[in-house]
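Below: the structure, in C-alpha cells.
Just so it is clear, A, B, C, D and E label the chains in written order, and each chain counts residues from 1 on its own.
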C-alpha cells in the first residue's frame, strides 16, 4: 500500500557467529534510514526500520524473512551475509515477491528476480586481483586458501581455470581448505612457506572467512612470512576484520575490494564522519559491505521515486538502470542482471588497520551473475528486462534455463 | 632493477670507504622538490626517485625513506592552521580522523591535520622490498653483530654483480664467525646461481636456507653435468636434514596445538571433572580472560608486554570472580542435580556472550603481541619454533603443574574430592563444603581465565571465542578420563599431536574428522577414557 | 499413582490410550491442530483471528522440534543416555527428505539439468553419486528417513553399548559423532551441497511447497507424526521395557545381574529414538526450506537437551512443552528485542533451573512426584552394586 | 484392538532368537565348581588358588575374615570379575568364564549384594516385577503383560519380605533393612537354581534373622544356596557345611562345630570370645 | 551430653519421627534399638544435621538437664564435627575414590588440636587400614570399609561418637574388638557413645543404656540391665 511509512526489513545476524560481521550492517542501515528520514523521507513518506535477529541460524533466516514479508509486510529487505543464508532466504523472497538487497561479495552463479546483488561477483574482485598479482607483482606460483564452503570453492574453481588459461601449471597451484573458525594454522602456513621457497614468486589468494583470519595472519607473522616474500591477497578481510587484528606484522598484505575506508573521496569522508557520529566511536571503521548497503539503499530510494510507488513489481522494473554515486568518487549502476557496476581496488594493509590503494581498475566493472570460467555457466546470462525476463538464459540453447515455465509465460 | 643496483653500488662504496655516510644537508628547496617528485610519480618512477633521495646525501633521507616505507610520508592538500598546502609531513600518529604530523623538512611536530586534508604518498610491496634492501646494506656496517647477522642473512638470494666484490672484502674483514658464514653463503648462492660455480656448491651443501636450496635446485637442473651432479649430491644431505626438521616441526606443531587444548580444557577438568558441574559457560570464562588481556592493553597503551604479564593475575581474578558469581547465584542451588547445571550454565553462556556484544562490541578486539613473543626461535636454518606458541607450551605446563600441586598437595585438593564423592559425609566430617565449592569453582574458572590470556595471543578475541573451545575442551577432559588431571594433559597433547600428524596428508578438515572418529573408537576400547578410574569404586 | 498395577496387564500399545496424561496430551494436540486449521481455512485474511500460513509453518516447525525433543527425552529421561548428538539423526532424516525434494526439482533448477541438482552442476559433477540414486522415488526416500538415522544409531549404539560406554563418555562420543558428521557434510566432496546444503525445493509428492494447502498439510502431518511418536514413546515407557530402561538408567550393572541384556535394551530404545528424530527432521526440511550441516552442530544438539530439561525430563510431555516454549520464545524475542533476546533466553534457562527443579512440567497439576530428576549416572561418580 | 494385540504379539514367532536354554546338567552332583581360581588386583591376590564345589540343592555357608575374598568369589561366579586363571563351571556343561552377566543370570544364578542395591526410582512392586523369571529379551519385555498368576506371585513375595504396605513406594526411600529385604525378594522372584546371598542379615533384628534363616532353609533342596555371613548365630542356625575362606583360599571346611573349634579359624576369624 | 526433646521430622509428607525424647548421658554408651524402618537412622541423621528437623531441640553438651549446652538444631552440619561429634553412618559412606589414608585425613580438619597427623592408635586398632593405606577406599571389602568408617570417625577424637550399626559386615573377632575399644574410650577418655544396634548380645555386652523406637517414637528406655525379654518381644519382633 502506498501510504504510511515505508517499512524496511533488516535481516542481519546480531548474535551467533556471524554477528561479528553483520551487526555493523544493521547499524549502517539504521543510520541511512535515519538520515533519509531527516531529509524528509521518500515522497513524503517516512522510512521505518524493522530489525530482526536471525541469529546466524540458516533456517531462522528463512523464517525471519517470512516474518518480515508476511507478518510485518515490509517493502524491502536489506540483509544476509553468508551465501547459505541467502540461499535459505531466496525461496521465501521469491514466493512472497519481496525485494532483497544483498551487500556482500559472493560466488555468483545466481540471479533472482527478487534479489539485488550489491556486493561483488567474482569478476569484480577475484579476477582483477589475480590480474594485478600476475601482471604487476609477477607472481608465478599460487596458493588458493579458503574456508571450506561454497564461496571460496567457487571462487577458487574460477581462479584455477583462469590461471591455467593464463599458462600457470598445475604444480604451481596449491589449493587448501579449512573449516570455519579454523584456528590452528601452523602446518598450513609452514606448507605455504615451503611452497613459496621454490624460487618462483608466490602469492596466497585467501578466501578465508571471518574468525579464521586472525589466527591465520598471526601465524603468518610468527613464521616470518613477509608481504614482500609471499603476499596474501584476501577477499574477505576488510577494515572491520583488521580492527580485530594487530596489523603491525601484516603491513603490505593485500585485499581486493570495491571500496576502502582510506579512499580519498569526499563522499567517503562524509560517510565516515556520519558513521563516526552515528556510532559515537572515534575509531569506528567503514568497510565494503557497508558501502554496498549505502549504494543499495540509495538505489532503492531512487527506484521508488522513479516508480512513484513502493509496489514491488514497479520498483523491480524501475531500478534497472538506476545510477547512484558510490563512495569512491564514481557511480554505481544497477544492471539488468541485478548486479551493479563497481570499481575494483587493490589495497595494501597499513599499520593503522587501513588499506592503502596500490592499484585500481581504470573504470567500473559490471557484475557477472554467471561466470565465464565455469563450464556449466559460461553460456548463461541474466536479464530481468522484458522480453527476456530471465535469470539464466542459455544463449546457446536459447532457452530460459530451469525456469522453463517462466519462459513459456 | 638497474636503478636499485646502481644505488646499491653507491651505498656499498660509501660503506667501504667511509666510516659512515657523509651527512650533508641539501637545501630545503631541493628536498621539497624531491619529495614532490616522489609524491607525483607513478610506481615505476618512484624507484628512481628513491635512488635520488638516498643518493642526495641528505641526512634526513633515511627518515624520509623509512616514513615512506611505512606509508607515513604525506602531503598537505590545502592550507590549514598548522601547515600550508603542499607541505610534506611525516605522520606520527595515523589513527582516527585527525592525524598528528611532523614537518618532513624540519622534523618538528606541528600538530594535527584532518585525514581528509592529507595525501599519503603511496607505496607498494615492490618499493618496500627495495627500500628494505637498501636499509639492510646500510646495516652491514653497524656495530651490533646481531644486526649485522640479520642483514647478512637478508642478503642471501639478493646479491648481485654490483655488490659481490665489495661483499667479499667485507667478508674478509668480518670478525664475527656467524656473520662471516652468512656472507659466505650469500656469495656462494650468487656464484652458484649466476656463475654456475661448482666450488661454491660445496659451501652450500648442508645449508638449510631456502634461498640456498632454491639455488641448488636450479643448479641440479643445469646443463653443466658436473654442476648438476654436485648440486644433486648437496641436495641429498640437505633433504636428509630437512626430513628430520619436518618430523621435529610436526611434533612441535602437535605439542603446541595440544598445549592449547590442555590449557582450554584444564579449567574444565576442575569444574566438570572434579566437581561434576557440566559447565557450558567454561568457554565464556576463557573469553573473559582474553578480554581482560585486551582491557589491560587498553589501560597500558604502548606496553603490550607488561600488560600481558599483568593480565595473567588479572585474567585469573576476573574469571575467578565471575566463577564465584556463577557458583553463588546458580550452581549452589543445583546440588545433587548435576545434569541441570548444563541447562543453567548454557543460559549463563548465552548471557555472557551477549553481554560482551552489548557492553564491549560485537566485533573482535585487537590484542597486540609483544615484541618478545612474536617471531620465531631458530633451531637451525630450516627449523623455526614460533615464539608465541613456545611460550604457550611452557605456560600450559606451568599451569598444569600448579594445578596438580594444588589438587594433590593441599588440603583443598583433598576436600574437594571428598565433597564431590560424598557431600553429606564430607560435611559431617567438618568440611565446609560451601567454601570448598566456591574455592574450587573459582579455581577452575580462574584457570579458564588464564587460558583466555594465552589464547588472546593466537586467536580472535571476540564474543565467539568461548564457543570455539567448549566442545574441544569437553572432548579432551572426557578422553583423558573424567576426574584425572594427568589424563587431561596426556589427552590434550596426544589429540593435538595426532591431529597434526594427520593434517599433512589428510588436510585440516579430514584430519579433524579422523581425530573425532579416533576418539569414538578409542572410547570403545577404553570406555572410561585414557586414565580410567579403576576398581570397584568406579565400576559399580 | 498413575502406573497402577492394573495397567500392567494391558497390552503395551493400547496402554497409553488408557492413561490420563496421554489422553490429555492427544486431546490438546488435536484440538490445537483443528483450531489452527479452522482459523487458517475459514477466517478471512484480514480477521484478527486469521492464522496466516506463516504461522502455520512456524507451528509446524515447532512441532518438529517437539517430536525431536520427545525422542531425546526417551533416551535421556528414561534410559539415562544423555545424547549430545541427536541433532545428527534429525539432520540425517532431514537430508534424506532433502535429497528427495532435490530430485523432485528435476529440470527446474537454475542450470536446467534434469538429473543433477544445481550444486553438482555448479561444481562440475559429471554424474549423480551412487548414494543419490533412488531418492527420486518418494517411498524410497521415506524409508531412508527411517533407515539412515536408524542404521547409524544401530551401528554406533551397537559399538558403544557393547563396550559399555556410559555416562559422560557416551555423551561426549555422541557429540563427537555429530561434530564429525557436521564437518563431513561441510565438505563439498561429500556430495550434499557443502555448507549451502540443500535448498530451493519445489514440491513434495506432487504438491507445490509454496501453496498454503501444502503448508497446512505438512503442519497437520507433523502434528500426526508427533502424536504417533508420543504414543510410541509412551507405550515403550509404560511397558515393562520402560521400567527396565529406568532400571538401566539407575543401576545398569544391577540390571544385568537379574538377567537383562542391558546393551540390547539401550540399543533398541536408542534406535527407536533416532528414527523418531529422523522423522522430525524429514518433516522439518520441507517446512523451513533448507537443510544444511549446521543442524549437525553440537550446540544444536545441546540445545535440544536444554529444551527437554527446561520442559521437565522423563515426562515426554515436558519435552514437548520445553521445545514449544523455547522456540516460541526465540521467535518472539528475536523479533521484538533483537539486540537483547539472548539475555532473555539465557535468563529463562537459569530461572527455570533454579526455581523449577522439575522443569515447567513440574508446574502442571498431577505431576508425578515419582519422576526422578537427578541421574547419578552421568556424574561420573556412580556408586552402585559395589561390594 | 484385537488386531493390535495380534500385531504386538507377532514378535513371539521369532523363535530362532530364543537361546536353546539347556538345562543345567547336574547329573554328576555338583552344581558349581571353582577350580584353581586366582584373581589379583594390582598385584594383590584377592583370590588365591581357590577350589570350591557346591552340590545341587545344597545350602552352604561361607565365612571368613574381612577381605578374605568372599564377595570377590561371588563376583567371579556372576561374571562381574574375570579371574586371572582357573575355571568355573555351572553344572558340568556351562563354563561361566565365557559368559556375561545377563547370560549367567538367565542360566539361573541369582545374587544378593552385600550392599543392598535396588532400583531406587522404581517402586517396590516394580522392582520385584523386573526381577521375576521371564523372557528377558527386548521385544518380549516390551510386549509383556502381567497376568493374575505373576501378580499373585509378586504379592506373595511382598508378603514374605514384609513390604506389602510399601509396595507402591519408591525403593529409594526404603530404610537399609527394608532394602535388604527387597533384595531378597528380588532374588526369590528370579527363582534361580543357585542363590548367592552376601550378608543377608546385616541390619536385621534377631527375629528377622530367624525368618531369613527359615526362608533360606526352606529354599535349600530345591535350589542351591550359598550364604556369606558374619553373624555366627545366624550361620549356626542354618549351616550344614561351612567353608572358611582366608586370604583368598579355603582355610577350613566342615560342619559348624568342626569349623568353630578349628584353632586357625578361631585365630583369624572368630576370636577367643566367640 | 546430648539431650533430645520433642523431636519431629518429616520426609516430604511422611512423618517419620514423632515427639521424640532421648537422653544420652555423658561417658556412657546409649543404644537405640528398633525394627527396620522405625527411624533409627533418621534420628542419627537429625543429630548430625543431615536431615532437617521440623521442631524439637537437640541440646549438646551442658549438664544433666542440658543447661549450658548448645542447641544443635541451629548448627550447620559441617560445624558439628568441630564440636566433637564423630559419625559412623549406616552403609559406611566412605569416599570411594580417595585412598584409605586420604579418607582418614579428611577428618583431620575438625580436630580440636589442629594436628596434621593421623593418630597411630587408629592403625593399631585396625591394622588392615595401615596395610591398605594406599588402596582406594571403594576397593576395600565391605568389612574393611566399615573399619575404615569407624577409624575415620575416631580421627577427630570425638567427644560424642555416633555409631549406626557399626558391627555390620565385620568379622566376629573385630566386632568384639570394636566393643572393647568403645568401652576403653568411654572409660579412658570419657567418651559418650550413641549406638544403633540390632544385635542383642552386642548391645547387652557393651551398652550402658538402651532406648527402643517404634514407628518413629521412643517406646522404652532404661539401663541395659532392664532390657527384658518382654520388651524385646513387644517392640523388636514383628
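Rule of thumb we're sticking to: a residue touches a chain if its C-beta (ideal position, glycine included) is under 8 Å from a C-beta of that chain, and two chains touch if they have at least 3 such contacts.
A quick map from chain label to UniProt name: B = Urea ABC transporter permease subunit UrtB; C = Urea ABC transporter permease subunit UrtC; D = Urea ABC transporter ATP-binding protein UrtD; E = Urea ABC transporter ATP-binding subunit UrtE.
These numbers come from a predicted model, not from an experiment.
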Of the chains present, which has its C-alpha mean closest to the combined C-alpha mean? C
Name whichever of C-D and B-E has more C-beta pairs touching across its two chains. C-D
At what distance in angstrom does the C-alpha mean of subunit B lie from that of subunit A? 30
Go ahead and note the Å separation of the Cα centroids belonging to subunit A and subunit C. 36
Find the geometric centre of each of subunit B and subunit C from their Cα atoms only, then give the gap between the two centres in Å, rounded to an integer. 44
Expressed in whole Å, how far the mean CA point of subunit A lies from that of subunit D is 73
Where in subunit D do residues touch at least two different other chains? 41, 71, 114-115
Indicate the residues of subunit A shared as contacts by at least two other chains. 14-15, 148, 179
For subunit E, give me the residues that contact two or more of the other chains. 96-97, 138-142
Note which residues of subunit D are touching subunit E in the complex, please. 41, 44, 64-68, 70-72, 114-115, 162, 173-178, 180-181, 199, 202-208, 211, 230-233, 269-274
In the complex, subunit E residues that touch subunit B: 48-50, 76-82, 87, 89, 93-98, 102, 105-107, 109-110, 136-139, 152, 156
The residues of subunit A that touch subunit B in their complex are 14-17, 19-20, 23-24, 137, 148, 176-179, 181-184, 186-188, 190-191, 197-199, 211, 214-215, 218-219, 221-224, 227-228, 231, 240-241, 243-246, 248-249, 251-252, 254, 264, 266, 269, 272-273, 276, 282-283, 348, 350-354, 356-359
Subunit D touches which residues of subunit E in the complex? 11, 35-37, 41, 90-92, 128, 135, 139-144, 146-147, 165, 168-177, 198-201, 232, 236-238
So, in the complex, the side of subunit B touching subunit A is made of residues 43, 70-71, 94-97, 115-116, 119-120, 122-126, 128-129, 132, 210-211, 213-215, 217-218, 249-250, 253, 256-257, 260, 353-354, 357, 362-369, 374-376, 384, 386-389, 457-464, 467-468, 499-500, 503-504, 507-509, 512
